[in-house]
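Paired with chain B in one complex and with chain C in the other, chain A is shared by the two complexes that follow.
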Partner chain A sequence: MKLLTHNMLQCTVKGVKNGYPLKIEAVEFEDKEAEFNPDFLRHVFPKIDWPALRDAAETLGYSELPPQVDEAMLEDDEFLRKFHHALMEIHLEEGTLVCPETGRRFPVNKGIPNMLLNEDEI
Partner chain B sequence: AWNCEEMSNSRPEHVAPPEIYYGETEAKKYAQNSRILTVQSQLSERAVDLLGLPDRQCMVLDLGCGSGLSGDVISERGHLWIGCDVAPAMLGIALEREAEGDLLLHDMGSGIPFRNAVFDGCISISALQWLCNADKKGQVPFKRLMRLFESLYKCMIRGARAVFQFYPENPQQMEMISSAAMRSGFGGGILVDYPNSTKAKKYYLILFAGVPQSQCVSMMPAPLTEGMSVEDGAAANRRKVAILVEPPTADAKASRGKKKCKILTNAKGVDWILKKKDRMRLQGKKVARDSKYTGRKRKAKF
Partner chain C sequence: LWRHKYLIWFAAGDFKHFGKFRYEELESLAQLYDLPHPIYAEPKSDDPDCPYAVLLSPSASLVVQMTLRSVLSQGVYEVWASGASIEECIENGKLCANDPTKELFFQKGITFCGRVRAYGKKFQSSEKLPLITRFLGALPFQAKVDLDNPDYEFWIMLDYGAAENKPDQPLKRVFFTRKLVKSSREPLLLQYALNAREYIGTTSTKAELAFIMANQALVQPGDLVYDPFVGTASIIISCAVFGATVFGSDIDIRVIKGNEKTLFDSFKQYKLPRPEIIRSDASRPIWRSGMTFDAIVCDPPYGIREGPRKSGTKKEIKEIAPEHLDSHIPRTQVYDPVMLMNDLLNFAAKNLKLGGRLVFLFPANEEYSEEDLPKHPCLRLVANCEQYLSRKLSRRLITLEKNYEHQDGLSTSTPDEAPSHARMKDHFFMKSEDPSRFKKPKNSAANGGDEYKEELR
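Let's look at the complex of A and B:
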């Protein structure tokens, strides 16, 4: 699972007010090369929750992302490369996603998060 | 996902819940049967066409992605996708096939677990009809549909489209699905490709997020037809073979009684007849073709 997907996922268990961002407990992660597309990055940038992305990348051992960002940085190629790497190339393979509010755990196996809910959680 | 056009066979959604029906064997069959592969790809191509995505790399949600066949079509067009499916065996095949999108084990009837306004589009191939059955005690199909559409509406960008290709079992199901979609805020309607062919006929629910229903009418794409004359095609287009979802008005219920009286006193007009014929066509009934004589008053003979 890319960090792009993680950045969009949230916990929707019944009664949860803020199930975002899901905390990552990583067991295994890997880098997979992805095509660099600056236009997509510029387009997706406003939709990204930056602190969540930065925390997630750090958990998976990548701490090159700056703490503060703004639109102007999207013209900088070096920043775009880092952004691209964190967003598209770091994959969480095995581990758990944890809801920040309830502590509900969603296991991740072979890169697929199990987001199935029990009857009483819907 | 359901592929058998032969109506005599029982529908798979009546046999078992999707996560059980699509176990190892059925999932394997799905990945190897070349006829299924062709049909699924064609449906996906059409669904992605209907999405009308802008000319840049987009984020697309694929509900009921199965083995990632529909995802392949999205990837070929240069877009990114995230696929959800409730059947682990199907996702396993998607992994084997090295599908490009990220996958999620998830039941769409429990709501979409994504943040607000992140997707540029959503497709779903042959999956929606599974939601029309209650597989577990306490499951209410309409509620599950509502949960799906409400959460989907939130996670889509304003103006984005969702296209669901599905196999409705009866008109009641279609009505239940469209009414759940419109109650969730979507505008749009059902598009029927090849409405005159029993075998090739395909239903697409097309939903617009954040577009008023009045505008959706003109934005609905035209259906594909075969063996229809040009004039017939044009006429069908004008009147939109698709039945459009109309938002319920507050006084609709109140005025229902009044309407009945009106109909009793007035003759039913041409519009009413054309509408009824469309409805019957949609139900797959044999209906006389529309002509200049349709709904015309008979001359007084005596």
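Let's look at the complex of A and C:
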């Protein structure tokens, strides 16, 4: 899974108030080249929770993202390439996503997160 | 604003199954490419089989872009003249001789050809040539004729109205046109036909319908598009072809993991970026609030072919001991189609962008009425088109657009009486039914196929 997807997922176990962002426990992750598309990045930027993306990237060993961002930086090619790499090229293959509130663990196998809940969690 | 007329020649595909879809696709594409209103130069034909629509556009490039995205059009033509009779059309065509934008076509050194197409009447080739000569001869062309590879093609389009089984219909209208571009219909349907796809299942959506859905969803490059019942990913493949970043989820691990092949193999086959796939339950939204998709597309399971399931159980819930957590298989229960629809609309109302569309397939039998459609105060019905499958059975392609921001307390309204889709399963599994028809379909994607019942989930 891309960090783009991680940025969008939350835990919805019964009663959880703040199931976002999910903490990443990585067993295996890899970089896969993706086509660099500035228009896409500008389009998706307003949808992104920046602190969550930055933390996730750092957990997976990429600490090039600046702490503060604004729309003006979307004109800067160097920034766009870093944003692109973090969002679209770092893939979590094996590991676990952990709910920050309940500690509920969601496994990720072969790049597919399993967000199914057990019957006592809904 | 000066606008020219353009003639869309609809695909000669399966009119019977996609008749009304052609206008709806055209109107969606007009919205996608910002064609100014009104888009039609002439009212839509009340003949559902009529292969022509006449559009108004400030430029050829807009209608060309639309046509290149259309799967239900064959091509687009610039209208030089029209008339209620051949004579009137030729007279009107003569005005083009003084039109400075058409000087190019009256130069020497270019090649051209003339062709005839008639709807509702069969023309012999011996009748065509004199007609072409009359039209082209009325204008100061100096071009040389080249039938195989001309620079420009001029088409005389005759409309005799409905149905070839009624001979000697009076001529209704004539267009003298120049061909601009062929649609991408043929290459798209050939390249993405199910019968050559790496990974399909019994309910995979055929390429033609999947591309219509992507057009209804106004999918553009860079969009985030989500299918909450992804199955074999047949719908989001079409969205990915149009440049979207696609997401899919499914409760059933088998559809995600496949057998020997998986849905990821189909994306590799088409050289599309790997989709983001999540195992999850459509009744439990997994996306953070405030996160919005540009479009949601799906063919939900209604219990006809695929028994819909969701998380949870009706039995007593026992706490799962920590040591069993890793190996515990979450229980699932039957997912009532009416609940499923409500969940889908509530989700779309929250997690679609404003102006974004939810496009889904909806089964209908003879009991169907528009009252059966689920409704949500934030979502407006933009298209509701019937795909005819058999005398007793059809399915509808529903397009909803989010026109109001979601607020707490807004949710779907369910009809007072149980809608017809609530009983779809009972309707289909009658004792006399032959179970053999639920074999793997032959996947004749290019011609629309015939095993329609196979397609209903």
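The rule is short, and it goes like this: the second predicted complex is superposed on the first by the 122 of 122 C-alpha atoms of A that agree within 3 Å, B and C clash if a C-alpha of one lies under 4 Å from a C-alpha of the other, contacts with A are read in each partner's own complex, and residues count from 1 in each chain.
One rule holds for everything that comes next: a residue touches a chain if its C-beta (ideal position, glycine included) is under 8 Å from a C-beta of that chain, and two chains touch if they have at least 3 such contacts.
Note that the coordinates shown come from a computational prediction; the quantities given were computed from them, not determined experimentally.
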Simultaneous placement of chain C and chain B on chain A, clash or fit: clash
Touching partner for A:D120 - first (chain B), second (chain C), both, neither: second
First (chain B), second (chain C), both or neither touched by A:I90: neither
Partner chain in contact with A:L65 - chain B first, chain C second, else both or neither: neither
Chain C-contacting residues of chain A that also contact chain B: 1-2, 4-5, 8-10, 12, 20, 37, 39-40, 43-44, 47, 49, 111-117, 119, 122
Residues on chain C engaged by chain A in the complex (per definition of touch): 221-224, 245, 247, 249, 251, 256, 273-274, 276-281, 284-289, 291-292, 311-313, 317-320, 325, 328, 330-331
Touch list for chain A against partner chain B, complex: 1-2, 4-5, 7-12, 20, 37, 39-40, 43-44, 47, 49, 110-117, 119, 122
Of chain B, residues touching chain A in the complex: 56-57, 59, 80, 82, 84, 86, 91, 95, 102-107, 110-115, 117-118, 136, 138, 147, 151, 155
Chain A residues within the chain C interface of the complex: 1-2, 4-5, 8-10, 12, 20, 32, 34-35, 37, 39-40, 43-44, 47, 49, 111-120, 122
